[in-house]
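Each in structure tokens, the structures are laid out below.
In the two complexes below, chain A is the common chain; its partner is chain B in one and chain C in the other.
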Partner chain A sequence: MARLIDRRMGVFLAGLFILTVALPMASSAAAGQLVPAYLVSLVGKYLCYALLAVALDLVWGFCGILSLGHGAFFALGGYAMGMYLMRQIGPRGVYGDPVLPDFMVFLNWQELPWFWLGFDRFWFAALMVMAAPGLLAFVFGWFAFRSRVSGVYLSIITQAMTYALMLAFFRNEMGFGGNNGLTDFKDILGLDLTAASTRTGLFVASAVALAGGLMIARWITASRLGRVLVAIRDAEERTRFLGYRVEHYKLFVFTVSAAMAGVAGALYVPQVGIINPGEFSPANSIEIVIWVALGGRGTLIGAALGAFLVTLAKTVLTGWLPELWLFALGGLFIMVTLWLPGGVLGAIETGLTRLRAFASMRTKEIET
Partner chain B sequence: MSGSLLYLSGVTKSFDGFAAINGLSLVIMPGELRAVIGPNGAGKTTMMDIITGKTHPDRGQVFWKEKVDLSRIDEVAAARLGIGRKFQKPTVIDSLTVAENLELALKGQRGLTARLFGRSSRTMHADIMQIADRIGLAASRNDLAGTLSHGQKQWLEIGMLLAQDPDLMLVDEPAAGMTDEETMRTAELLRSIAGHRAVIVVEHDMDFVRALGCKVTVLHQGRVLAEGPLDFVSANPEVIEVYLGR
Partner chain C sequence: MKIVLCLPFRPYLAALLMALLVVLPAAGRTAGFEELVERLPHGSYADRAKVIDAISRTGDPRAAEVLNALLEGRLHARKDDGRIVILVDSAGGATAIDALSGENLGGVLAGSTEKIKTNNRLRGMLRTAIGALSLMSPDRETRLMAAQSVFASGDPANIEALDAALAAESDRQVATALAEARAVAILDTDAPVEEKRAAVAILRARGDAAAQAALAPHASDPAIGNEVREALSRIEQAQRVWAIAQNVWYGLSLGSVLMLAAIGLAITFGVMGVINMAHGELVMLGAYTTFAVQEAIRGAAPWLFDWSLLIAAPLAVLVAGSVGIAIERGIVRHLYGRPLETLLATWGVSLILQQAVRTIFGPNNREVGNPSWMSGAFEIGQMTVTWSRLWILIFALAVFFALLLVLRRSFFGLQMRAVTQNRPMAAEMGIDTGRIDALTFGLGAGIAGLAGVALSQIDNVSPNLGQSYIVDSFMVVVFGGAGNLWGAFAGAFGLGITNKLLEPWTGAVLGKILMLVFIILFIQKRPRGLFALRGRAAEA
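And now, the complex of A and B:
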């Protein structure tokens, strides 16, 4: 079996660790706020995107399932967390109802819908963060993979799935806050969400989740099951004729990936302070694919790196030249497909290998 | 037929009204080596699809070891029963190494949890080495399958079939794209495999079929046109007419 932490993973985790320790310290009052405090939540958000990208890479990079609906799993995890945060508000809402969130009072609802029950408890919400997207992926995959829907057709129906969910969540009657979504959160686990310490805690939790997600994905892909996934990606028919129930393997990895995306969404919501149906928009799901392709498909680390770089570029560019962002993203995507088939990670690694070869050549020259 | 490994009787399969297989009957005994020849479109690949559960016949019987009805099961179930198949176009897992390809094919452990938690054992390594050696790829066992030559890929795929340890191997046009020397070595390999397990080989290359030195079935328009030793069938005027004569 391949080693769980290879060199690539080791370097990445070390970098992530340094970031996790250094950023909150640099932004603290004790350090004289070397960097602005908002950076903690911003980078925390990027870490959630990185985890989402790892989840997509697990199915797309290793099993060839090009999901264009992973944004939906992310959003569902986010909504599950949002529901918990809503119920944490308690009587502090604008209308002061002890149980009902503001939007329900506004809609003249008399009692909490059944699917909101239990969300006042953190453990239940945490479970739902993974169970809701996991269950959707399982049911969806059950039908899709058993009927051998694959390739472009599968991509299209995943896109349709997230679109349908977006329309559903826009409706007030659904009971998820409609258009406005869920917001005005006050605290999490009794801790004030605006406090620097809480923000740091969420940031660290995101980093830990990313590291954990990477390790789980790596464990799966480096196992003997991972070989079956790659076989399905490269030659699905062959794998079936070897006696593997391809649909079971796809279902497994799709469900795990969806749950992972849900966790990413759940950590994202308290850091940005809102979740609304826009998160289900088809364009979001496509953007995740671009992160993975740019970073380097099938490498896990590359996916995380890609998410980080692209969303960073997005923050900078949209603040500066908002009209240009989509063109820049498109251009970047074309450039990478044309010139960097291994993505950014592939480019970095070839660059390093060349540099090393060059350096050893130079030392030999000097020695002789 | 008593003691048969595979028994096809009156099998028919139509695609949009066109009968690709039309009343096909065939008996394969355990350990037998059989060559199936026939012009393009004769139904050879479709016949393999039916035996491996990829396609279900419209009519007729397909029996495995005289009791299992193959017309009702799928590819995965057929593979698990002990039917291995090599595709017409060589298909190996390009981004895995030769050894990993063989490990994937190795008999046993097809379930999710067994694959997730299980580790390869010493005997598995020994089996993989032995097969790699047999298909002449021992030296390249750690190379990615994608880097192999066309002929080596064909062998690797045959090796994967061996690793499955099936009772019947279906081999679709193994000599396609091979040099003469590779073709002869492949014939030798298949001959050495038969006896222990049954092998059905579909092939166009007459020298190759001759080198196999086994019973030949000539397929034409989805039916058996002639059956017997190569010299016998090639003397058949009908066979000459549809196939060999040109």
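And now, the complex of A and C:
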């Protein structure tokens, strides 16, 4: 365990813990609502994004797979959760049908499609949250890695994958609510979604998931397997010639990452109250990449911080100067790739190393 | 001298000639017509039927109007002097117009005229007579319209009129329409079997949905049923072929658009291994350049409008090309050998360009007009071809072959191909690879600008224009294989046509999804596309 938590990770987890405890307390009525209540859900949303960024960092930062379709895994997890929440509404929908969600009644469907069965149970939905994106990633990766599709080609077909899914989910016939998506959720596990306590619970769950995701990613990358992943990233052909089955390693890490993204999506949906096909849009997926790139790829914590920073900037800028947001985001893409190849965390690291080297040189000078 | 002498007499001569030309034949022909019209209000319905028949036989140009007024109950006789008038609704009540002279007699009081009555039999007769009269109209379009409406009615009562019209007809298209109308009518009569068979053959030759509808009721006819059924199956077959041809045309059109959008991308990807995510935005810049040029022309020189595209094309190349070179010099150059980073940086550029255009021109669609030579459509058989799409196809092919020529025959092309195949070796041979990179990027961007000029004619010009083409043009490049123009060519037209052939089966969205899935699977088989570069260089 100690090997897994180095100083950086320790600081981050401690900070996360303080945030998790302090924010709900500060927003509670007992504390006189020091901060507005919506902040809990907002930060909870950021935590989900951070988990998504960690998932992408796992494949991109450590294995060199630049997925431009991670938003699809996130959205699939979200849809799995959304389906559970739709079934929870029960007869309280606008049309009052005990089983069918409103949009199906609206489309004149007589019975539940087979793929909606089982989603009235939480454990099944929770399983599907990871299984659905995991399975997609497994099948997609099995085809792609086996035939050695890599580099920009892989990036482009992952983008095509999420684009195709977006088009598919926009269709009413798919049975996922068409372009309105799934919404009007009432409660989760019998708890009212609008209640402050439920929101706090979801917030804490997101924080725990982020910490868990970080630990799993850390555990994978610190293991022998992680060493192989890095080797693949840096010299894929050489690793293959050393006798490693490169495609197996890639497939494993891609699938784990997709399941992690699915969990992030599942926690995101009840906090924002809606999931629609827009989540599949290729632009969303590319935005995830900039979170990781800004924070520092291959650092895990950096990815989480990057997600936090960029989405916070987005919330502030789109509210304050919406015209400026795309300029800022575009500029960020250019600046990070040109001047911050290691991200913010990498830059700090380099700065610290230089400082230390400088300091030790000074001490040597003094000694002599 | 002679002319001068004649001059004073000319006006008189001309007037005399005019009078002779106009009055003499008119007098001879219209005597009967006028008398017949005067006779209309009198006698029984049977008498009136005879008069109507006689009027339609006079062939007088006024006959159609009078009979039409009679059919619609607007033909009246004035009670005081018995003049025949046509009543026309006007603002302050009815206005009377003399049926014979066309003179406006002013408003009429209710009850001062008496309607010339008709019954069902007469009205049927009138309709036939009017149809027959327009079949003889001097105006070609009217005759064609009349023939088509007779075709649609299929009334056997028209046969006589059709025969008369056919005998007098000299225009081939109208004659065909008349023969077809006659064929439909013949099928409903007791005509001899031979004549009916000939009619079936005529309709079979026509071969469209209307002919199908006309033939269908006779499929179980004991005498000609076999022929009709065979003709029907032939027509169906022909229509299937035409439907496929139409879809192939749509596919060619889509393919030409995809090729224009993808070809620049293929060049930059092939030469530099760089994915330019801002390519779609360069297309958008081309479209907005067209918009700006048209705005300027509308304001300053509207007569130039038909030339607006030809003016916009070089400007679009200039605008998009220089933005492209700026991107290469400013950003891409520093990321050499890091294709994934280039992808992200150019995505950043695309966001900035999008927002810049949105800020300058506004978020809404901008109106880009079609020059007159690009609007409208024409028909080939049962296929509709719009001029704009045909011109875009021609334009795309022209761009493609011009580019091919540049790459194959020019020194710049030679250098470019050398860099594509083996960059270090090309550098050793003294090629300034940095310069080639910049020029290639500029060339690719310039072609994107041209694509924008073409797309402005068929798509909405909005800040999102580029986004809607970027995934598709990537698919073309990935499918066709980078670094090979023929790859982009085959990829674009292959995907375009397959997509449009799929659409009738699956619908537009599902068709597109299937295409994407197909490409994702195709990449498994040929990870480097249809026309992959081979050799050591391709692995780099």
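The rule is simple: the second predicted complex is superposed on the first by the 345 of 368 C-alpha atoms of A that agree within 3 Å, B and C clash if a C-alpha of one lies under 4 Å from a C-alpha of the other, contacts with A are read in each partner's own complex, and residues count from 1 in each chain.
Throughout what follows, a residue touches a chain if its C-beta (ideal position, glycine included) is under 8 Å from a C-beta of that chain, and two chains touch if they have at least 3 such contacts.
Since this is a predicted model, take the numbers as computed values, not measurements.
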Clash or fit: chain B and chain C on chain A? fit
Can you pull out the angle centred on chain A between the C-alpha centres of chain B and chain C, to the nearest 10°? 90
Is A:20 in contact with chain B, with chain C, with both, or with neither (first, second, both, neither)? neither
If you tally the residues of chain A touched by each partner, is the higher count for chain B or for chain C? C
If you stack the two complexes on chain A, which partner ends up touching A:225: first (chain B), second (chain C), both, or neither? first
Once the structures are superposed on A, label A:167 by its partner contacts, choosing first (chain B), second (chain C), both or neither. second
Would you sort A:257 into first (chain B), second (chain C), both or neither based on which partner it touches? neither
On the A-aligned overlay, A:271 touches which partner chain: chain B = first, chain C = second, or both, or neither? neither
Using the superposition on chain A described above, determine whether A:234 touches chain B (first), chain C (second), both, or neither. first
Gap in Å between nearest CA atoms once chain C and chain B share a frame through chain A: 8
Interface residues of chain A shared between complexes with chain B and chain C: none
Listed in rising order, the residues of chain A that touch chain B in the complex are 1, 220, 223-225, 227-228, 230-231, 233-235, 237-246, 248-249, 252
Can you list the residues on chain B that touch chain A in the complex? 52, 75-76, 79-80, 84-85, 87, 91-96, 100, 103-105, 109-110, 112, 115-120, 160, 164
Complex contact set, residues of chain C against chain A: 269, 273, 275, 331, 334-335, 339-345, 347-352, 354-356, 358-359, 467, 471, 474-475, 478, 509-510, 512-513, 516-517, 519-521, 523-525, 527-528
Touching chain C in the complex, chain A uses residues 66, 140, 143-144, 146-149, 151-153, 155-157, 159-161, 163-164, 167-168, 170-171, 282-283, 286, 289-290, 293, 323, 325-327, 329-334, 336-338, 341
